[in-house]
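Chains: A, B, C, D, E, F, G, H, I, J, K and L, in written order; residue numbering restarts at 1 for each.
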């Protein structure tokens, strides 16, 4: 059984209400519920944390080292401004996949650059809530390959 | 009766002590007290929150959707760095007025650009504590026009 | 009785016709008429000048030194390009409030930077024609405080 | 009969004398005279104004709304510096064609960017005085298509 | 049966030989063979084209309009330099997913910006050859949702 | 009889289908057909080549030296990225007019700068398909003047 | 007895585990323990706070005004992004020394600029944990000089 | 007898009142009066024009071609923003010396770059009103050398 | 016998005709003929390919891996724009020398930066056609040293 | 008697030989000889030093504090690169006038910015060797005014 | 006994006289004398060199390789401009500590970036002359740790 | 017999010791000795000067005018910072070839731009010590062609 941390940044608790034309009408609870089902079918277990607080997100990443096999991270607004999250990602060795609901390459200039992506395994963006499913599939695939080849992941 | 949230960002709790030549000698409590009186005369009620914490400010903006008719926001230092506050402002539909005590156009280069102003109704800066009063007058005027014309504000 | 100069820059004579979705449907005459009423209630008198000409605006600011207690300035397009207006503002000691009808922070990149605001008392933007009323209230408040404390304004 | 305003900016009154290797030896009067003949053959009438003054040019554009079907504008030096002309162009709905005598793409760096072109129908540059003829042909063609399709031009 | 075009840009024909530490040891043929199997299990059919030629890639995108339900595109080096590919993507209405084998956010500065991503549905990067599988899953999911809701995809 | 090469860059073969709101509904064949008629009336003959391939466009320009009196070039996407086309234009002495269907000054930032225009006689943009007609008129006028004054064109 | 606040920013609680090649193998507890011994020998007393939270760090700086004679601050990731910490430092008059474990001048581009250093007495970087000792020696030396000369520190 | 035009830009009519610490206490009339005396001793005659208006300054430069042997120009604020003045200077062949009262290299960033200086003979700055005297001496010296060598000036 | 690929980019087929003042009057055939003679004297054999096509040049580099001991590359215009050529150079292990006929440091700004040079052994520029001879001498010297020291080249 | 140091930077010893079209045909000795005569007529004495060495120039400025009443400095190439010369100028209180033979505003981009001018009294450029005479006149005038007003110069 | 080179750059020989408000009133001799005493107490010996000359400083660094265990370097103005000093630091393996008397982060923009710091062990700034003492303590501590662990320093 | 000056900049006297992985293990003496042999075989004579001092290098270039037929210059660190060397190169008419041991295009950002190359005949980089041989061959070839065509070199 693989343990996966799903970590969501600021304003993602508002999904369903937040600019629905951009972010969709599903709530975060709905998304996580569907994701848990997917996880089960992949022999994985999900723990979900959302916070609007940079410090809390940093602490969650730090604590993941001992408890999780992989991380799915949507840093939301902190993607573009948080050196602290980048440092936290480099502090741990748990592999992480960055997810964005929207295609940030088609939005405002200041959303073009991700400080955190360079410290992740990879990045998935533009597929709405389904992006979390893709990230989960990617992570499970990665962890199984790593296991198979006898090395620790990342 | 209009319900207005007054939201103050980092270091504004230090007013009176903080670089008085720049920010004046009144404490934040004094300012809010005077503002409440002004509010009463305008048939409005004020709730005041100050926080040094970006996450707390984001949460306050999110929660305002159901409880307030308008917001007066002084994001202080986060004006220039917080995509999270901008996203929170775009998540809600409550109209918001940005206030700065000082005239930031006459200060350091890094205070010239506001990430949050573009997601607000308007901005008032340079009038010290009286700026909050101007913001309140602006907000009440805006909300009454909106009411009169039968549309929801913003 | 306080004497206030209201000085409007290029294309503001076209209000009512000019991109009404952005700038509203009121004409400049309507706005000034309402502002005069507000002024009366605040024991102030308004003189209004509009010009499309940078040189004329500079001359008006220069001449204000002897005739006015305060200035409300909407430099319009010259906000972003006129060092001459900034120099004129620094030449005089009459306090000035900068007003913009729209929230320039939500518009084109080249409208982000104001050359003139740094030479003013403060700036108010995004409240349409009501911005002039807020500027008047701000100016009167400022001038009265200055009078009370026995110092000349600014 | 189509009424066309030809509006020329600063230093174009010096044509013939001004850097003839770059701008040619014809005077502005010669150019306009030939253009009037072309106009006649296209069932159009030309009114010509030249000014070195940004404010006068702005006023001419404003006034064109009621009197002209189209505008040919050579903003000369103001092309690169005048937000006021751009705003004036956006204030009116008369279609405008921007003309430059020289190919500004082959000149100094500061002539590369046009503030006004984005508010015009199109731009023609590099063909000397004949550029005005091309602009006239373009404008007449555009206005006739608009007439034919029953919509107002632009 | 969904028809998917897999389009690979310059130097991807060298996979297996090209900087294996970065790009892996599988050849492009191996990758496509595995991807076809995945496609079959998802009721999709894959057509694969690789070219080192910008013009050929542009033509393939243009031709896809009539023949394919979706596109998986790895523009490789052209990601960062080709306005022509971006224009081709905007010319067609077939939904496209951009894939990168490596995590470009962790590489050279000039690989940070994608000209093409803004004209795609979304982007997946950093998962090696498995990225194509994720793109296929994403595309099939997107196309089925579109079908279900009765609208044409994109 | 003047021989004119009309050279069209990438994605222009898709006219009619490509973002019709921007580029119009006429196909390239329709445009060229109408242009041939115009040419005939001006005692000119047109040869038309469209290619999505930078190398092919470069070769066409090189070959034009011996076969054509003038060139009408719409480099499309390559306008902003091709030093090779600029070099080809500087290699030959046949005069060239650059045409753009849309007014690129009113579009994305990366379409503002033309690498090729500085190596052309002039540029015409924003008049849709009629821009080719204007370019033809400009070119014929230029070639006749050159002939008249007994010098070779350019 | 001098009271010194040692304030550590995000991810410094992970020392020992965090990229040991860069940051060393000592834990933060070990470092502080050794620093307390040094403090004792210098007639100083240390209070230590670490937080991953920008708001908490701001609050600690604010509260230091009444309780401490000096501050040793390692803002870690917030060095490069926090206007709030800079404002807090300018709010208080307690002298502060900025410390970095690594030589940031030899690391990533985004670590080159410190927003906070300009509001400190000085900065020490590149000496690992020993940097805290140097900062303590610097601070005690500074405070004693200030005492001797009868002025309040800073 | 040499005829020299002294041309002063915006806000220089305010000398004596304008930021006296920077610009001195002499009025423009005083300065010109002293300059006329100097001119007499150098067998030169001065005509003086001051204007706040860019267009008027442009016209004065244009008209100087037939009436003056040399120009002393203080473009003031327009130094940094006026392409029109630069173009006017390049239109005429009368040699011009640029003067600034203050040392602009020691002032705000936006005063560092002069658009006009590159079209002048030379530039003198930082010597207050005496700078006009230096410019006159420089101009007379230049004109006499030109005369002596039998070539027309510039 | 060493096998050397000489690969020439766009517009180099026009040598002799192309801006002779800059590029000389020799044709590419002349240059290659002379280079073959030099090669013979150095116990090397040359194969020459010129293409205007980025994709063809990429393919030539890819194919060189199995057939050549070294490459002399003049990427011409693609020097400054082709990530694809850089990637191709990094894909192969054959050592490559970059040659430019002109001294690009003395030409237009956009010719200053080479995307490809960083993936080559070295660069030679400014010596006209003789630069190819220098490159050949450099390459032969390098390959012999590598042979002598028993390691494979590069 | 006023003692003036004339300090010339690198390559000025080559005057007469160095790009005579730009710098004139007089040698430095000729220039200084003429300047000494001018000095005598102004009751001043000149000491002249030329060096190609930044360190020597720095030392000369340092030593001037005790020996000279004023400095005429032509930093030549070091104008644009030497923080050391700027620091030396700020170390001393002797007033300094910066001179350039050519009008640097009309030359290469990298000659536009002067690091040293901001630490001088003023700057004179573009008048060839006569610029030294102007600087001397300016310096003597400044020193006499300072003497007259009883304050030490600068 | 450890041998330490103290190397001071341009204008530091002027300490005591040079802007005393910024740099203090002690002379360099005083500072070095006190530093020698500190050195003695730490079983170290100091050799001191000051030069205004970049080349001399480079040579001193080069020569240090054979004679010194560590270096304390205040590059002064050359900090921001000397690639030569950086290269010299990278040429030797003697560990070096960079010292600045002032807090350069609180001064002019051009003092923000240090070319040399990235080639040093660490940097200490803002503590006036005491900074040299801190550097010495840091260096001795570093050298002893290196000795203890049996590896050569750096 | 051709006289060639070989001029080497700062830190090149340390070759053999300086970062041998980058710069090789040969000393400068070894390199020059081998180069003299090469020179002899080409009927040339070499004079060699190395200096760490910008001023000395400038003086050497100046003095070369009368004594040398050509120059081989490795400006080392001064390549990127010395306007003085560029000016010296433009002062003389002796042709110069710039050499770099390493391929600077593959190193730090600040080594990308050469201030001096634009004033040289050409540049050779990346071939280690053999680069000097290539430069000598290039120079001799250039000088002989110049001789043959009867014009003075450069």
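Methods note: contacts are C-beta pairs under 8 Å (C-beta built on N, C-alpha and C of every residue); 3 or more make two chains touch, one makes a residue touch a chain.
Owing to the predicted nature of the structure, the values given are computational and were not obtained by experimental measurement.
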item: Co-neighbours of subunit G and subunit C - touch as defined; value: B
item: Shortest walk length in steps over touching chains, subunit D through to subunit L; value: 3
item: Between the pairs E-F and I-L, the one where more C-beta pairs touch; value: I-L
item: Between subunit L and subunit E, distance of the C-alpha-averaged centres to the nearest whole Å; value: 49
item: Centroid spacing, where centroids are CA-atom means, of subunit J and subunit L in whole angstrom; value: 32
item: Centre-of-Cα separation between subunit F and subunit B, whole angstrom; value: 55
item: Residues of subunit I whose C-beta touches two or more other chains; value: 53-56, 81
item: Contact pairs between chains, per stated definition; value: A-B, A-E, A-G, B-C, B-G, C-D, C-H, D-F, D-H, E-F, E-I, F-I, G-K, H-J, I-L, J-K, J-L, K-L
item: Footprint of subunit C on subunit B - complex, ascending; value: 103, 105-106, 112-114, 117-127, 130-131, 133-134, 137-138, 141-142
item: Footprint of subunit H on subunit D - complex, ascending; value: 9-11, 13-14, 17-19, 51-56, 76-78, 80-81, 110-111
item: Subunit E residues within the subunit F interface of the complex; value: 53-56, 58-59, 62, 65, 81-84, 86-88, 90-91, 115
